[in-house]
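Read through the structures below before going on.
After this come two complexes, each holding chain A, first together with chain B and then together with chain C.
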Partner chain A sequence: MSETMTPAPPAAPAPPAARPTNRVVEALWLLVPYAVSVLLAFVVGGLIILAIGRDPMAAFESVLTTSFNTRFGTVETLHKWVPILLCAYAFAIPLATGKFNIGAEGQLLVGATGGVALGILWSDLPTIVLLPCVLIAGALGGALWSGIAAFLMVKFNVNEILSTVVLNFISFQLIDYVASHVWPDRGAGHPATVRVGDGALLPGIGEAPPFHSGVLITLVLVVAIAVFMRRTPTGFELRAVGANLRAAQVHGIKTSRLAGAGLVVGGAVAGLAGAIEVAGVHGKMLEGMQSNFLILGIIVGLMSRGSMLALPVVAFGIAVLEVGAGSMQRTAQVPVEMVLIIEALILLFLLLSDIVRAKIRGQ
Partner chain B sequence: MGEITEFLTLMIPAMVPFLLAAQGTVLSGRAGVFNVSQEGLMVLGAAVGFLVSFKVGSNTVGLGAAFAIAALFGLVLAYMTTQLRLDQFVVGLALYFAALGAAGLLYREVIGVTMEPPLIPTLDDYPIPLLSKIPFLGEVLFDHDLVVYAAFLISAVIYWFMYKTRSGLAFRSIGENPKAADSLGINVTWARTWSTVVGSGLVGVAGAYLPMVYTGLYTEGMVAGRGWLVIALAFLGGWRPHLVVAGAAFLAGMEVLALRAQVAGIGIPHQFVLMLPYVATLLVMVFAFRWARQPAFLGRNYDRESRLVG
Partner chain C sequence: MTEQQPPRLEMRGVVKTFGPVVALDSVDLEVGRNEVHGLLGGNGAGKTTLMNVLYGLYRPNAGEVLLDGAPVSIGSPRDAIDAGVGMVHQTFLQVDNYTVTENIVLGTDVSGPLRLDLGEARERIRELSTRFGLTVDPDAVVEELPVGVRQRVEILKALYRGARLLILDEPTTNLTPQEVDDLFGSMRAMVDDGMSVVLITHKIRETLSVCDRMTVMRDGRRVETIERADTDADHLAQVMVGGSADPGDLIDATALGAVDAEEVETVVSSVREEIGVTAQGLVVVNDQGHELIRGFDLDIREGEIVGIAGVAGNGQVELAEALAGVRPVRSGSVQVGGRSMCGLPTAAWLDHGVAYVPEDRHRDGILPTASITENLVLGSQRSPRIRKHGLIDWGAAKQRAVDAIEQFSVRANGPGTPAGDLSGGNIQRVILARAFAHQPRMLILHNPTRGLDLGSTRFVYEQVRAATAAGCAVLLISEDLDEVIALSDRVIALYQGSQAGEWPHGSVDAYEVGRSMTGLGEARV
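== the complex of A and B ==
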């Protein structure tokens, strides 16, 4: 990291032309590994597709173009982008303090439970009152769920990786209970709650099919989180703890409490994702609505390597792949799991690129 | 058969996946490699074990194939963390995703969409002559399939290796202080590599056991977080093979209890009963993390050219 910032000595300022080229070179050192990793992952993925006797070119064409070919594909991509990105934040914010939150799906589900509860109980209220309540309840639900892990971590030193994971499995049973005993929709043929009131639904935007306004909420959140991490004392402390725990401790930052706070905030973001899924996509809570957002969030978080600015971009790329996966299975008969393998390969190649880069630069 | 006998008889096979996977985790952990891909390796082991058994018609070959594929993933983890010194946790997660993807892909490719899910025969019981005739104990301990005996035998062998042999002492020292071990001429890279390969293989076998013992079916969610519970189990057992056996008994007991309570229908909604193993794990962790110790170098890579140790 340190070599990316090579300020010229103050006595002899660098010639004006040198700085921009330096920046370009540094940007290339940052971006080329991403491009090469993606390319290599697709090459290896293509070989696997060849090995099972399908056409890799047809598969990749539908993976990469479905999001942009039709308005429906674009809307679908935006709708996937929201929970993937929010789950990525749920992973990346605690990671800034060195803590691993593997519980985004549990937090998402409990957030969805909170949202759906208000959406059903207060279903007569108008949008202007009910919708904010639903979203806040979602965030609180998620914060409560990760708060359990944070409490156990701060008070009893319980490893947060294990507690957040175990809480996922408890949440599966919890929403199964809510969907089959508390507000069951008997006609659904699948554990699901009844629909929330109209006032709880996020308004759609644009011509049919519209995308839900949760996309805008997410955009606002992207800016807010970036500002929070860069411009507030707490954000600075968060980053300081992640960069060097001991140094942060020595400078009087209450690291353990901060790590707990990071987990709670991460959980709140995942819970908000749950509420947005209820209010924007499903209109109710149903079993399996967490999809594979946990895994995708972790993948996005790890690929972004601590950069809060990279998260939305990487999340969009993953959303494109995920939307493409379904159509790849239909048109090229390549199972959807292929995309997960490619994503894991991108991550592995990205890790390897560090070593290659260090070798090339002669460290 | 008494209630207690029946409970214990069910608990012993339920221990096997926990036991095999946790001993695998402990094995590499004591050399300092913290594997977190268990959940993925168990799913992959279950899929490969099932598919190979289904195609070849032999559960033994299926178990072997599950070991091999998971060991291969372990080799990748070992290479990337010992030779390339990449972050163990991140590589482990990447392998977890890759294993999940591979499991789904293989099942879809080999079986495809069918009206009736394919079945494999479950493992036969082999009562041990004489021993199985002992009242109570015989029934509980000595009337199971061969993998059950193997799991306990493997636990004993790992314990014996770690605590009763000289090379085991050397092996354990790597997880505590690799630099000191290295200076004594112990090959850190080799020890970490073989233990990760063998350990991951055991995790794969643990997964393959699941479709072979209960229903003969493979379902996507059948591992149900056991891979993560196993990591908790390694911590609870303080990374000691003999304590891990006790922990596995606890988790398996909770699992059987939840199943039986569900069948018996005791007024409580079954969802809350099914939470039991997870809630119990969470509660036990509160106490365990106060006293349980772990290898000092767990999860950290060793660079012999670095001056920083400890």
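== the complex of A and C ==
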């Protein structure tokens, strides 16, 4: 039987030579649909802008250049990038195990509540102590919130889409209560808490207007998550569960516990986003601070198709559009919602490209 | 007397492509009247595709079809049935809670839309079933019937619709030897009655025992059409595999089903004294909570192959998963290499050297979107062999994947190829490479060669033998009786979750095993 194990003679050098072109082709198959989808979305968006009697070129110019023309635009873009990206992680990490976390905004708000609570209660503490406490409280708050959904899912098989969505609604009531009854700022004219102590604020970086150091924390997180998903056994198991639940089970992975863990980690990241919003942008908690980060996070997560490396890049692109939206309204009188339409169109065309690609390549 | 009657079926120059793949390359086929015609070839040879074209399931790109000398255009199975062509597929489309009669008349014009009188239909079915020896009770509910009888229902369905040409696609796959004999008898009766039958198969022995003529296909082309009288097993094997294989090789020949299993000499047995695996009083339930394994005892020595023969659905999946540590047992014990394993998590079984090659390769065996490298790591991601400083060492894993691709002859562009893009045979090679990567103590194989081509089948057998030579205890669960008998040192028949007989290698009577598999055996151990 030993003959069967004899290694074949050294292979001809042909395969290694063929590989780079292969890789280029594969990369093109991956990137071209993105480019085409963005282009088509802008074309269709432009037609809509024409239809409402505005100038599409002027609109697009302000959408695409605001982030880069002024320091203020750049800072604003980075500040949007942080919560969009973190909410995208909150969606994408559980999605790696095949679970849909539609509760990033609830997790963000509960995280913000945790952060703001410590920031107010311990407002006399110095930054070196208080700021880490605020951020950790944010992450724990988010983890707690998604943890409820994870517990229900693992123990009682409750669908995580339902539970995370419903928990969003509860979180709205929670922050309303905190902002109007626990630490209300009566003078704000809008449900908001009083400001946190100075020690809870993220230090600014660079000349005025500075961007907050949450941007750096996020950058570190980007690297950490990429390494976690790619190199750690747990990250590998998360991906395995998402790729094929049965096969993962057969090969010794405890799938339901892992799916629950993915949801908790996602919630923690969204909670951190809430704390960073408090400590870096608002200095307090206010109603509506979740903006539309949930939906943007989902859009970014879906556009990235499970690639943890693509997430930060796509999130940046979306942040640019979001920041440009305001100036587009001012300069071209096109309503800000136009940007959301374009984002949705990009996603639609991208999904459509899957079908087109399959057709072209022949199944 | 010499008046030339046109053949029942003529297919000329049939071409069928799927995207860039040419599945049928200008194929001709002629089937005479009163003839059982074998359509023979390995996996992917194009046999089923050709018949699906005839049955109207695929539209050919080119070519023509003549029935009884007249050109016909068949665009759907409906057209095919109207033209007198019937086909029995490998999987049956039956309504489980209907009776045999109801299933057979379903979709035909029975009386008016409001009045359903099945009396007449029942009589016809009774008449057809006696005439062709297709014994079946017209009033039985289909879900209570065994596979062999359900197949008869399917054949009766075609006959009821007036088929003159009947296509059977690998009909013997799930039958016991007795049922195969019955089926072949019925086929004979049909052609004696003026019908024609096309038998799609990859088993040479079957074609030799029942066909009048056979057409051999390879790579989407017709290689040759041969009269039964002019050929024998060796010759057919040679035609089937082309010049590339050595039909004298015994393993090869059994893979083809060309040789009676008993003729296989005892291949140098590697069975050792030490017991490798012991299972006692195993009781295992399925996902619905039904007991499918009821008190199963098993000893496998190191280096021994124990084969489990049985008709699908008699507890094979549950037995395999219980012994692989994937499914918890309700009661009983399992010892592997002297260590009691029950109650331990699946990962502990893997660590202890239990390797499982599951039946459903796509569902249970691979991560389709992940690369070959990642698939090979699956299951050992926490092992120190894979990790460096706590993190998975992908560089080393990739190198091992390159080696495995070479050693197991996986046809892939490289270690980065997604496993889902590979063919069935190559997926099985990846799964085997993973199973053999860490010197398994115990190997559980479930239908390891189903759907594989000849080369891959032979490869699997070689690997199994290599594993036993290294002292691995092997449990081979297969619905292919020939495979079980040829490979195993001991054969155990499984019927309704219990052992229904046991035979040592060399004294296995396929018919006796067949009886035991269906609960009719006397040999209880």
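Keep in mind that, in the parts below, the second predicted complex is superposed on the first by the 347 of 363 C-alpha atoms of A that agree within 3 Å, B and C clash if a C-alpha of one lies under 4 Å from a C-alpha of the other, contacts with A are read in each partner's own complex, and residues count from 1 in each chain.
FYI, a residue touches a chain if its C-beta (ideal position, glycine included) is under 8 Å from a C-beta of that chain, and two chains touch if they have at least 3 such contacts.
A quick note: this is a predicted structure, and the numbers were derived from the prediction, not measured.
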Partner chain in contact with A:Gln249 - chain B first, chain C second, else both or neither: second
Partner chain in contact with A:Ile52 - chain B first, chain C second, else both or neither: first
Which of chain B and chain C A:Pro233 touches, first, second, both or neither: second
Which partner, chain B or chain C, touches more chain A residues: B
Contacts of A:Tyr177 with chain B and chain C, given as first, second, both or neither: first
First (chain B), second (chain C), both or neither touched by A:Leu85: neither
Which superposed partner A:Ile295 touches (first chain B, second chain C, both, neither): first
Which superposed partner A:Ala325 touches (first chain B, second chain C, both, neither): neither
Touched partner set for A:Leu162, first chain B, second chain C, both or neither: first
First, second, both or neither for A:Leu109, with chain B first and chain C second: neither
Doubly contacted chain A residues - partners chain C and chain B: none
Residue ranges of chain B in contact with chain A within the complex: 36, 80, 84, 86-87, 89-91, 93-95, 97-98, 100-105, 108-109, 224-225, 228-229, 231-232, 235, 269, 271-272, 274-275, 278-279, 281-282, 285-286, 289-290
Chain A contact footprint on chain C (complex, rising order): 18-20, 321, 324-326, 345-350, 356, 358, 363-370, 374, 377-379, 381-382, 386-387, 390-392, 394, 406-407, 409, 413-414, 462-463, 465-466, 469
Interface residues, chain A side, partner chain B - complex: 52, 100, 102, 152, 156-159, 161-163, 165-170, 173-174, 176-177, 180-181, 295, 298-299, 302, 335-341, 343-345, 347-348, 351-352, 354-355
In the complex with chain C, residue positions of chain A that touch it: 1, 4-5, 7-8, 11, 15, 18-19, 22, 227, 230-233, 236-237, 239-240, 243-244, 246-254, 362-363
